[in-house]
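Paired with subunit B in one complex and with subunit C in the other, subunit A is shared by the two complexes that follow.
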Partner chain A sequence: MINPGIELKENIIRYTIIGAATISSLLLLAMLLFILRESWPIWSQIGISAFLSGSSWKPLNSPPQIGILSMIVSTLWVAGGALLIATPLGFGCAIFLAEFAPSSLAAVLRPVVNMLTGIPSVVFGFLGAAILVRFFEVKFDLSSGESLFAASIILAIMVIPFIVANSEAALRSVASEYRHAGIALGVSRQYLTMRILVPLARKGMLGALVLAFGRAMGETMAVLMLAGNTLRLPGSWFDKGEPLPALIALELGSSIPGSLHYQALFAAGLVLVLMVIAVNLCVNLLLKRIQKEV
Partner chain B sequence: MQRNKRLSVLLCCMLAITILAGCTSSKTGSDDNAAPAADTSIKIGGSSTLAPIIAQCADDFTEEFKTWNKVDPSLPEEPIVIFVSTGGSGFGMKSALDGTFDFGMVSKTLKDEEKAQFANGSITQLGSDVLVIGVNAENPVAKVKPSMTTEELVAIFSGQIKKWNELDPSLPERPIVVAVRDLGGGASEVFDTAIMKGTPISEDALQIPSMGALAGKIMDNTDTIGYVSSGLVNQNPDKIIPISVDGIAPTLENINSGAYKVGRPLLLVSKDQPNEREQKFLDYLLSEKGLKVVEELGYIPVVR
Partner chain C sequence: MKQTMRDLLLMTWFWASGLLILMILLAIIIYLTGRGGTFISSEFILESPRGFPLGTEGGIFPAIKGTLWLILLALVISIVPGLLTAMYLSEYGRSGRLADFINLLVQSMAGVPSIITGLFVYALGVVTLGWGISLLAGGVALAIMVFPVIVVSSRNALQAVDENYRLVANSLGVAKSYTLFRIILPRAAPGILAGILLALGYAAGATAPIMVTAAAIIASSSGALFEPVMALPYHLYILFIEHISLNHAYATALVLVGLVLFLNILALSLNSLQERLNRQ
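Right after this comes the complex of A and B.
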């Protein structure tokens, strides 16, 4: 016998939640549509391929040259490089915290790592510019210390906590039967962790990497202060470059609303959003395949 | 259950507040635009370079007098209200012409046809934003070539010359690090008008997000050359060495006489002759107090 009052309450809650969820999804859709609308002249006049593959960014010249290949390459270098540094450290830290660390040590380490997520990115950028850039200039006798590599290092520090927290959670969520069975069979702790637990948790761990990659691609402040913001197409990790978020942050303020420059920046924003979404989709597909295999 | 209910009520409230907040802000916006003609407030908008100066002066002015009759006894006892908003020099001129603002803030040299649009109104210069080409104090170029020609500067900033010894054989063979502000911004526009004249800046130039950081880069890195606001050079006299352009040093005399050209005027423009209240505020801006603010914020105040 259900009390009609409770039923009404349940329904109110239900529709509120559905409403909130719908609004959030619509918000994403509306944002994408808005960016698309603002950047439309770029896609129709310059064309998708010319915009994406052009490596010359001179939006104020006449005729303007608008191509964001350098920025796309820079974005991928910085984010990929950050992951290259952060993955081994993050996974190692997660495995240590989940399986090997004595609980007293873990109780100290975990909050410290988590606290790293709370440090504002501008502080990281500032520290990077003050310490890392100077360090490269003095130690390696570079004419200027800004580089994609410097930005990657700072980004790596910023995304490590995400990798650690999410992959530790994934390791912990492996059903305890596997752990018990492993111990009962008398395998070593290393074998149990590396051969049983990690493969079982790889879905969650891969998810952690994707989250980190998305965050690294979208991070603005640190790369703005460290990547050097040069317009040349970067040839290596140690060159300077201008990732998409830095480009937008740097130039949106001085672009005239409605001008081609402004629209091109919106188009660059759309490309950035789509890149992050694409990475997420790719990994979802990958995870489905892994699930089938298991 | 009880907790769920509370949570849902809380969520509903938050949702409602967010939605309402959205409504209110857009509503006030439309109210501003539809302000009645009898409104005695002064509305000023435009250049983001000038906005901090005008906003500071407006604050001081309002604080000091509070009502118009204290500025001048002949004026009615009405509170002083001055709105300042930013949006760029172009926006400032457009809005001053279409009447959205009483004054437009413009931080660029006006072309003759632009001046003509304000022929019936007023163009008031408060000061200048001067860019100084600076190098690190430890860079020998400060002693070897304290003055460069426009051609040399173009060669450096466009990337034709990449090493210091290509500029002068006695200089070390080290790369020149060119530091600029974001291309398309106000400062780079000034530099382009005065020096580059359309020659594109080198693709290797570091684009630095703020003037302060650019000055910091020059102070930190011995191989850097860049342009910085004159105020920042004055604040760090031993760390940034100013380079003369075609033999003209960025001294106060040369700036005020117009001989030093790498700069832009800070202007207030209006479509019509300013009314009594507006004139009082203009007078205040050009008074010692107003010009002091111009100087404090790192610009060169106009000579009266």
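Right after this comes the complex of A and C.
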């Protein structure tokens, strides 16, 4: 630089931007540390294994019983179940969009999938509770139709757009040589898709599933309104349960700050967020490996 | 013969999943419009909830106002850090170690469940700093939630600007900040704006973070920072869960979905404007 004034100004701008970016990104670590601090007495007094494996949640009893196994199991049931429902539909729709949909239909379907991500989760929860749960009650003559299964169905609708968008991107990123070679050899489009394109895109598609799993685990409103909110250990997909986000949302406001109950909710939050971050890091590693291979 | 049979089954699967997803969205919109539409009137939009229990009569005006306050505050708090982080990632950091690390953090932040953001702001703002259940706490929680959305969309918009602008400006000896603010930023403006609108829509629909930090069953939503506010998603939740009024719940859901989809469609059209701009 010729003019020292300009150089100074450039440096100020550069370091302001670097500083702001660093500080605001470190917020995530600050959040984790703060939640860890708030929940510390749980880890030191009750212990990690007792907290994770205890299936009784009675924080107000004396002595209090604090274990979140039921909620962890509920969380895994609803999220796993949602994936079970969403995977065939999501993959089917992604393959449809990437390979088979007439362009006029794709031009409608893609924004529709996009719009599904925009509908707030409380609306999904409300519609699920008002329509789906009512339907179960009438159809199967139940006193209350809420269950982990009902929550899974609604969660599936919520995560399908993510599966579709990410898997379609993975399918489209397969080099066009494979397509040309397949077509030149005269194999059917279906054979080409299932035997060549999908295997080549499988890591990206798997990444889409894992990401959807993380989303489903952390979703609050739909499970709060649909899973039934009972603290018992769920025995099957069709039982009621209370996943971790619902537990926190329901009890945080009524817990006394500084009490064991309050600290236990932060410990539950820490467990949830670490589960979700672990899932996301898996995806990241998976995608890094793909980039290297390609 | 077996081959064609299998191909037929596969095609059925692909078409069925595509059409089913199309139908789900159409069903949601049509059903919401049908059930909620008949209860939407100027009274419903412009009056406060009345009746006993509260919400059986009257309207949702304070909830609309509260939601607008919340998303405005979230935007005011998150926009500067979000844009600066995006500028760092796209212009200054590029592929350095720090940029990789920040990218990873931002990506992880996008995955953090919104209830966890609420939990954090509850402990820090509501309890420790003594804000109480308030508009400020809700705005901060939503700001943290939309921060990664703003970063990622602005970063992508900036990165998509033709590399030649940077090369030419650099070779002409134009200062980097001048290039960024006068050349790159204006060309990425529609994309960045689209990201901001998406973030606003996302914040407007978020329930979990505000139900523990900001929302009240009834409030005037005057915009005072340390007062609780009403908000559309929380109002919908209460109307349904407390069995107050199913009809008003449908109408509230319709207003909320309408607001969010309006913001999303605006964002989509800005994004396609950006794509046309990039192709020029």
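Here are some notes:
We adopt the following convention: the second predicted complex is superposed on the first by the 255 of 294 C-alpha atoms of A that agree within 3 Å, B and C clash if a C-alpha of one lies under 4 Å from a C-alpha of the other, contacts with A are read in each partner's own complex, and residues count from 1 in each chain.
Here is the rule we go by: contacts are C-beta pairs under 8 Å (C-beta built on N, C-alpha and C of every residue); 3 or more make two chains touch, one makes a residue touch a chain.
The model shown is predicted, which means the values in this text are computed figures rather than measured ones.
When the two structures are aligned on the shared chain, A:T230 is found in touch with subunit B, with no touch to subunit C. Looking at the shared chain after the overlay, A:Y191 reaches subunit C, while subunit B stays out of its contact range. Once the two complexes are laid over each other on the shared chain, residue contacts for A:L286 go to neither subunit B nor subunit C. By the touch criterion defined above, A:S143 reaches subunit B but does not reach subunit C. Using the contact criterion defined above for the overlaid structures, shared-chain residue A:A249 touches subunit B and also reaches subunit C. In the superposition on chain A, A:I13 makes contact with both subunit B and subunit C. By the touch criterion stated above, A:L33 is placed in contact with neither subunit B nor subunit C. When the two complexes are superposed, the chain touching more residues of subunit A, out of subunit B and subunit C, is C. Look at A:G92: by the touch rule set out above, it reaches subunit C but stays clear of subunit B. Contacts of A:N114 after superposition on the shared chain: subunit C is touched, whereas subunit B is not.
Overlaid on A, the two complexes show subunit B and subunit C touching the same residues of subunit A, namely 6, 9, 13, 16-17, 20, 23, 129, 225, 249, 253. For subunit A in complex with subunit B, the touching residues are 6, 9, 12-13, 16-17, 19-20, 23, 58-61, 129, 133-134, 137, 143-144, 146, 224-225, 228-232, 240, 242, 249-251, 253-256, 261. Across the complex, subunit C meets subunit A through its residues 3, 6-7, 10-11, 13-18, 20-22, 24-26, 28, 31-32, 80-82, 84-85, 87-89, 91-93, 98, 101-102, 104-109, 111-120, 122-124, 127, 144, 147, 175-177, 201-202, 204-208, 211-212, 233-234, 236-237, 240-241, 246, 249-250, 253, 256-257, 260-261, 263-265, 268. Residues of subunit B touching subunit A in their complex: 1, 4-5, 8, 11-12, 15, 48, 88, 90, 174-177, 182-186, 200, 203-209, 213, 217, 220-221, 223-224. Listed in rising order, the residues of subunit A touching subunit C in the complex are 6, 9-10, 13-14, 16-18, 20-29, 31, 34-35, 38, 88-93, 95-97, 99-101, 105, 108-109, 111-116, 118-123, 125-127, 129-131, 157, 160, 164, 188, 190-191, 193-194, 211, 214-215, 217-221, 225, 245, 248-249, 252-253, 257, 265-266, 269, 272-273, 276-277, 279-281, 284.
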